[in-house]
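Two complexes, one shared chain (subunit A), two partners (subunit B, subunit C).
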Partner chain A sequence: MIEHAPVLLVVVPIVAASLPIVASIVTDRAGWPIAVLGLAVHTGLAGWLLVHVHTEGVVSTVLAGFEAPYGIELYVDGLSAVVVALVGVTSFGLLAYARKAQPRSNAFYAQYLLLVAGLTGMTVTGDVFNLYVFLEITGLAAYGLVATGRKGSSAVAALKYLLLGTIGASLYLLGVGYLLAATGTLNMEDLAEKIPEMAGYDSTLIVTAFGLIVGGLAVKVALFPVHTWQPDAYSRSPDTVSALISALVSTVSAYALARLLLSVFTVEFLTEVQLAQWGLLAVASISIVAGSALAVSQSDVQRMLAYSSVSQFGLVVAGFAIATPLAVVGATVHLIGHAIMKGGLFAATGIVRRKTGATTVSEYAGLGSRVPLGAGGFAVLAVAMVGVPPAVGFVGKWYIVIGAVEAEIWPVVAVVLASTLLTLAYFARLIERLYFAEGEPIETATESEQPLADGSGEVSFGMKAVVVAAAVLTVALAAAVPIYEPTLTETLPQLL
Partner chain B sequence: MTDIRPLLAILVSAVAIPLILALRSRPNLREGVTLVVALAKFAIVASLVPGVLEGEEYVFSFGEFAAGIEFAFRADALGVLFASLASLLWIVTSLYSIGYMRGLDEHAQTRYFASFAASLATVMGVAFASNLLTLFVFYELLTVATYPLVTHDETDEARAAGRKYLAYTFGGGIAVLGGTALVFWLTGGLAGGTTSFAHGGIDGLATADPLWARAAFVLLAGGFGVKAGLMPVHSWLPDAMVAPTPVSGLLHAVAVVKSGVFGVARVVLDVYGTDGVAEIGMGLPLAAIAAFTLVAASIIALRQDNLKRRLAFSTVSQLSYIVLGLALLEGNALIGGLLHIPAHAFMKLTLFFCAGAIHVETHTDDISDMAGIGRRMPLTMAAFAVAAAGMAGIPLVAGFVSKWYLVIGALEGEYLLFAAALLVSGVLNIAYFWPIVYQAFFESPEGHDEKPLVSGPLGGRFASGDDSPARTDGGVEEGDDTDEEIPDPNHVDHLGKFHEDHEHHGGPPEGGWDERGWRGGESTWFMLGPIMATATGSLLLGIVPSTAVFLQIVTRVVENLPGVVL
Partner chain C sequence: MIDLLLTRYNYYATMLLLGIGLYMLVESENLVKKVIGMNIFQTGIFLFFISLAYVDGASAPIVDKGSEVGQHVSPLPHVLILTAIVVGVALTAVALALVIRIYAEYGTLNETTIKELDHD
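Then we have the complex of A and B:
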C-alpha cells in the first residue's frame, strides 16, 4: 500500500493543477478551493509517509515495473520523507495566507500546484534524470509565480530568474550526461555502485560531473556568487510567492545537492577527492560570510532576507559537505528549520507592508506598537534565525559544530560559530528599529506599489495565523529533533 | 533525587510574563503580580536550601536535547547559592522599581516589568543547569531578556549601548558554545561525550590532550568572562549604565554579571575541577588577568564623575575578586571568592539604589554636584557609607569577611603579589568612595574641595599654575588652546560622552540643599525600604556571616569538591 504513496504524492498535485484550468470554463474563482483540497490530500499522504519511514524504514517504488537501470525508481528515506512533509505542510499552510493576499485567479493556483508537484517529484525520485525533469518543472512554475506580481520589475526579476535558473539546470544536465557516459545508468543506487567500479572516484569524468552538478545546483540553491537572481525574485514577487519560494524552492534544491552528494557520489568520493570536499566547504563558508555582509548593507527588508538565505544555505551546504552523521543531521535540521523561519519572516513582512506600507529598514522604525503581531512574529523568528536556543535555528547549528569538531575541520567551526554574530548584525538593527526607535509616517505608496489583492491593505486572520504558526513551530520543532535523529541516521546507510 | 522545584523556580516567573503584559492598563495589579511571583520564586528556592546544606541535590531532566546531551536541571549548593541570592534581591528590587519608575513617570513600564520577570526566569535556568549546554541555552536567553531593559530609554545612547551589549554578550556566547563543543568532543564525542557538571571535574577531561583542554578552557573562561567583566571585554558594562537604575543594580551588579562569574565558577570547579585547572596550568593566567582587572578598574573609577559610571567600574573591579578567588584554586580563596558573590551583591545593590534615589529625588547624577547632599538625603547617604565601607573591606560589613578569606587564601598559597593587589584595591576603593561620603556629610555646595583626580587633565597640570602645556624644549606654546580635547569631566555623561551644550541639570537648588531629617522624609519608602534592607543585609553578612545562611552554603560548596583541603 505504502509503495503507492510516493507516486500519488506527485500525481495528485499535477492532476489538481489541471483542474483550475478546466474549471475556468465555468468560473475564475475555483483556484483556491481546488488547491486546498489537493494539498490537503498531499499533506495527509506526506505525513503518512513520514510516519512509515520513521517506524519501518525506506520506501521504494519502481514505476510500471521497469527495473533499474532502465526504469525509474522512487526512493524515500529519512531525508526525503521529512522534506516532502515540509513541502506539504508549508504549501498547504500558506494557502491560508494566500486567500486574502493573492488574486484568486485559476492560473495562479494552477502554477502553485505545479510548483508543489515539481518539488515533490524532486524529493521522492531515485533517478538523476528524473530529478532534472522535476527540477525544470519546479523552475518553470517558480518563474511564472514570480512574474504574477503586477509591477514591471516583477517581470524583469522573473526573466533574470529564468535565465540563471535555466543555466543552472543545464549545467546539472551536463553533469548527469557525464555520469551516464561513465556508468551507463541513471539510477541513484546503481550509480553509487557503478562509479567506483567503472570509472573510479578520481577519474576526470567523474570529478567534472561532480563540479557541473554542484555548480548547477548551486545556482538553484543561490550560493554566493551565483545567487544574484534571488534578491530580485524575492523582493519583487507578491508576498505569498516570496514566502513560498523562499521556504521551499532553494530548500529542495539544497536537498537535491545533498542527495547527489551522499547517495550518488557518497562519502568515499569526498574522502578520496579531498579537493572536492574542501572546494565545497570553501564555497559554503564564503557564502556564509558574504551573504551576511551583503545583508547588512541592504535597506530593503525583503532583499535583506534574500541575502540572509544565501548565508543560511551556506551553513546547510557546509553541514552536508562535512558528511559525518551528526553534521548531516544538523544540516537537515537547519534546512527544515530555515524553511519555516524564512517563510514566516516573509509572511510577517507581508503583514507589515499591508498595514503600514513599510518596506525598508528605516520605515520599520517604531512599528512594534502599530503592527504588534507582525513585528512580534518577525522578532521571534529573527531571534530564532540568529541561533538563540532553544529554537530550531540553534539545534541545527549545534549539530553542525559538533560534526565539524569531530571531523577536526577547524576553519569551518570558526565560520559556523561566527555566523551567529554575522546574522545578529543584520537582524538586531531591525528588531531595535521595530521596538526601540521612534516611528515616522511613511510616504504614501505610489500606484505601482499598492497591495495587489482584492482586500487591499487588509490583514486577514489566515495571514496572522501563518506567522504565529511559524513562530510556534520554530520552538516546537527543536523538541522533535531527538525523535527524528535516528530516522535519518538509520535510513542513510552510507553514513553509518 | 528528582524534584520538580528547580523547574518550578524558572517557570513561576516565565508564566508571569503574559500576565504582566495583559495587565498593561491596571498598573497596581501588574506590580502586584511581580511581587507575588518574586516572593513565590524565593520561597521555592529557599525550600531547597536545607536539603542542599545536608548534601542533597535536586535533579530534573527533560530528556535528550541535542546530540545525546540532556536538557536537565540540578540544584546543588553552588546553584542554590546563586539562585537564592538573585531571587531574594529581586523582591527588594521590585519594590524599588515601583518607587523609581513611578517617581520618574517612566514610559513602557509594562515592557520593563515583563522583561524583568523574563530575566529572572533565565537567571534561575543558569543557576540550576546541570550541564554546559543547558547553561548556554539560558545564558543566551538571559541576553535576549535583558536587552529591552538596557535599551529602555529609547534614546540614541540607549540604542548604541544596547547594540554594544548584544555584540559583546553574543560574542561571549559564541566562545562558550565553541568551548562546549570542544569539551563534548574531548570527553568522547558521540561515544559517551558529556558536558554535565561533576564536582571535581569531568573525568574524560583529565585524560584529554592538554593543548585542546587549554583551548577549551580559554574559550569557556573567555566567553563567560565577557559577562563577568574581565578586561579587556568589560567595556559593555559602563555603557550599559544608561539603563534605569534598578536594571543597573539588579542585573548589571547582581544577575547578569554574576551569571558570568557563575559560569567561570562552574568551569573551574565542575568542568575541569581545581586539580584539572592546575594540571593544564590555567590557574595562574586567569588569576593574573583578574588581578590586573582588579587594580586597573579601580584606577579608572577614580576619574569618573558620573556616579553610576564610577559604580560600574567598581563592579568590574569587585567581580575580579571572585574570579581571583576561583583562580587561586585553594580552599580559603575559594570560600572568599564564592562568598563575595552574595557579599558584593548586597553592597553594590545598596550603592546603586542610593544612586537611583538621588537621581529621582534631585536629578543629580554627577559626584561634583553632590556636595552637602547628606542634608537632603541622610538615610540614603548613610546606607551609601555603610556599603562603601564594605566595598573597601572594613570590618563589620560583608566585604570584610570575603576579603579576609581571599587574602588568607592568597597568603597560604604563597601568592604574595595577589594578596598585595587585593590590599591595594582596598585602598583604592577608599580613595574613590570616601570623597563621596565625606563631601555629602561634611561639606556644603558653596564650600567644597576640588577633586583633582576627577577634574584634572591626564598627565597633570603645569607646576607653575599656568595652564598651557609644556614643550620639550622648555618653551611655552603661544596662543594655543589648552585642554580643549580633554572634556571637562563635569560635562561628561554616564557614557563618557562630551556634551558641551547639554543642559547641566542636577545639583543643589538655589540656597543649597534643604534639610529633610532622618525620619524618611527624603524620599518614598518604596525606595528607602529596599535601601535600608540591602544595607542591613550587608551588615548582617558582615557581623554574623554563618547565621545569614550564605557562608554555610559556600562552605558546603567547597566541601563538596574532592581534592580541595580546607
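Then we have the complex of A and C:
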C-alpha cells in the first residue's frame, strides 16, 4: 500500500494541473478549488509517508515492473520524506494566501500544481536522469509563475531566470553523462556502489562529474556567484509566487545537491578527494559572507531577503559538505527551517506592501504600529532567522557548528558563527526601522493609504493566517527536531 | 597521439558547441540570440550523449534473436536525449513566449536598452 504513495505524490498534482485548463471551458474561477483539493490529497499523502518512514523506515518503489537498476526507482528516506512534507504543507498553506491575491486565473493554478509535481518528483526520485527531468519541470513551472507578474520587468526577470536555470540544469545533465560514461548506470544506489568499483573516487571522470553536477545545481540553489537570477525573480514576481518559490524551489535544489552528495558520491568520496570537499566548503563560505554583504547594501526589502537566501543556502550547503551526522542533521533542519521562515517573511512583506505601499527599508520606518500583524510576523521571523533560541534557525545553526567543530574544520566554524552576526546586521536595521524609527509620512505610503485601485490592496484573513502559521511553526519545528533526528540518521546508512 | 586527436573529433565538436552557446548567451545583447545560444549549448550536450552510445561497426539497437553484446549501439543515451530534446523544445517555447511579451512591453529586444527603460 505505502509503496504507491511516492507515485501518487507525483501523479496527483500533475493530473490536477491539467484540470484547471479543461475547466476554463466552463468557468475561469475553478483553479483555486481544484488546487485545494489536489494539494489536500498531496499533503495527506506526504504526511502519511513521513510517519511511515519515521516508524518503519525507507520506502522504495520500482516503476512499471522494470527492476532497479534498469528501471526508474522512487526512493524515500528520512531526508526526502521531510522535504516532501515541507513541499506539501507549504504549497497547501500558501493557497490560503493566494485566495485573494493576484493572479488567480486557472492557468496560474495549473502552473502552481505543476511546480508542486516537479518539486515532489525531484524529492522522491532515486534516478539521476529522472531528477534532471523533474528539475526542468520545476524550472518551467517556476519561470512561468515569475512571469505572471503584471509588469514587463517580471517577464525580463523570468527570461533571465530561464536562461541561467537552463545552463545550470544542462551542466547537471552533462555531469550525469560523465557518470553514465564511467559506470553505465543511472540509479543512485547502483552508482554509489559502481563509482569506486569501476572508476575509483579520484579518477578524472568522477571528479569532473562532481564539478559539473555541483556547478549546475549551485545555479539552481543560487549560491554566490551564480545567484544573479534570484533577486530579480523573487522581487519582481507576485507576492504568492515570491513566497512559494523562495520557500521551495531553491530548497528542493539544495536537497538534490545533498542527495547527490550523500547517496551518489557518498561521504567516502569527500574524504578521499579532499579537493572536492574543500572546494564545496569554500564556495559555501564565500556564499555566506558575500550574500550577507549584498543583503546589507540593499534598499529594497524583498531584494534584501533574496540575498539573505544566498547566504543561508551557503550555510546549508556547508553543513552537507562537512558531512558528519550532526552537520547533516543541522543542514536538513536549517533547510526546512529556512524555507518556512523565508516564505513567511515574503508573505509578511506582501501584507505590508498591500497595507501601506512600503517596499524599501526607509519606507518601513514606523510601520510597526500601522501594520501590527505584518510587522510583528516579520520581526518574529527575522529574529528566528538570526538564530535566537528557541526558534528553528538556532537549532540548525547549532548542529552545523557542532558538526564543524567535531570535524575540526575551523574556518567553517568561524564563518558560520560570523554568519549569525551578519544576519543580524541586515535584519536588525529593519526591525529598528519598524519599531524605533520616527514614522515619517513617506509620500508613497500616505498616497496608498487607501486600498490600491486595482484591488491589490486588500489583506485577507488567509494572508494573515499564513504569516502567523509560519511564525508559530518556526518555534514548533525546533521542538520536533529531537523526534526527527533518529529518522534521518537511521535511514541514511551512508552517513556512518 | 595524432590518432587520438583525429578519432575524437565529436568530443571537440561538443566542447566547441558548449563554448559557442555559452558565449552567445553571455555576450549577445539581443534576447532572441541569447535563446539561440541556449539552444546551441544544449545541442552540444546532446552530441556528447550520442557520442557516448557509439560502438564501432555496430548497428541500430533493433534487437533480434541471437543478437550479441557489441553488435548494437547503446540505446540508453538515445532515449535520454530524446527526453532532453523534448525538454529543450518546451524551454525554447516558454523563452520565446517571454521574448514576445518583453517586446510588446518595451518595444525592443536589446538587453541594455531594457535595463535603461526599467530604471527610468
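In this text, the second predicted complex is superposed on the first by the 483 of 496 C-alpha atoms of A that agree within 3 Å, B and C clash if a C-alpha of one lies under 4 Å from a C-alpha of the other, contacts with A are read in each partner's own complex, and residues count from 1 in each chain.
Quick note on the criterion: contacts are C-beta pairs under 8 Å (C-beta built on N, C-alpha and C of every residue); 3 or more make two chains touch, one makes a residue touch a chain.
Predicted, not measured: the structure shown is a model, and the values here were computed from it.
Colleague: Is the arrangement of subunit B and subunit C around the shared subunit A a clash or a fit after superposition?
Modeller: fit
Colleague: Quick check on the superposed pair: does A:Leu217 touch subunit B, subunit C, both, or neither? Answer first, second, both or neither.
Modeller: neither
Colleague: Where does A:Leu131 make contact in the superposed view: on subunit B (first), on subunit C (second), on both, or on neither?
Modeller: neither
Colleague: Give one of first, second, both or neither to describe whether A:Tyr399 is in contact with subunit B, with subunit C, with both, or with none.
Modeller: Only subunit B; A:Tyr399 stays clear of subunit C.
Colleague: Figure out whether A:Leu417 sits in contact with subunit B (first) or subunit C (second), or with both, or with neither.
Modeller: first
Colleague: Pick one for A:Ala199: touches subunit B only (first), subunit C only (second), both, or neither.
Modeller: After superposition on chain A, A:Ala199 lies in contact with neither partner.
Colleague: Given the superposition on chain A, what is the angle at the CA centre of subunit A with arms to the CA centres of subunit B and subunit C, as a multiple of 10 degrees?
Modeller: So the C-alpha centres give an angle of 140 degrees.
Colleague: Which value in Å is the smallest Cα separation between subunit B and subunit C when the structures are fitted on chain A?
Modeller: The answer is 32 Å, the least C-alpha separation in the overlay.
Colleague: For the complex, give me every residue of subunit B touching subunit A.
Modeller: For this pair, the touching residues of subunit B are 63-67, 71, 133, 136-137, 140-141, 144, 148, 151, 154, 158-159, 162-163, 166-167, 170-171, 173-174, 177-178, 181-182, 184-185, 189-190.
Colleague: Once bound in the complex, which stretches of subunit A touch subunit B?
Modeller: 325-326, 383, 386, 388-390, 394-395, 398-399, 401-402, 405-406, 413-414, 417-418, 420-421, 424, 428-429, 432, 435-438, 481-482
Colleague: Of all residues in subunit A, which touch subunit C in the complex?
Modeller: 129, 132-133, 136, 139-140, 143-144, 147, 151-153, 155-156, 158-159, 162-163, 166-167, 170, 173-174, 177, 180-181, 186
Colleague: Going by the contact rule at the top, pick out the subunit C residues touching subunit A in the complex.
Modeller: 18, 22, 25, 31, 34-35, 38, 41-42, 45, 48-49, 52, 76-77, 80, 83-84, 87, 90-91, 94-95, 98-99, 101-102, 105-106, 114, 118
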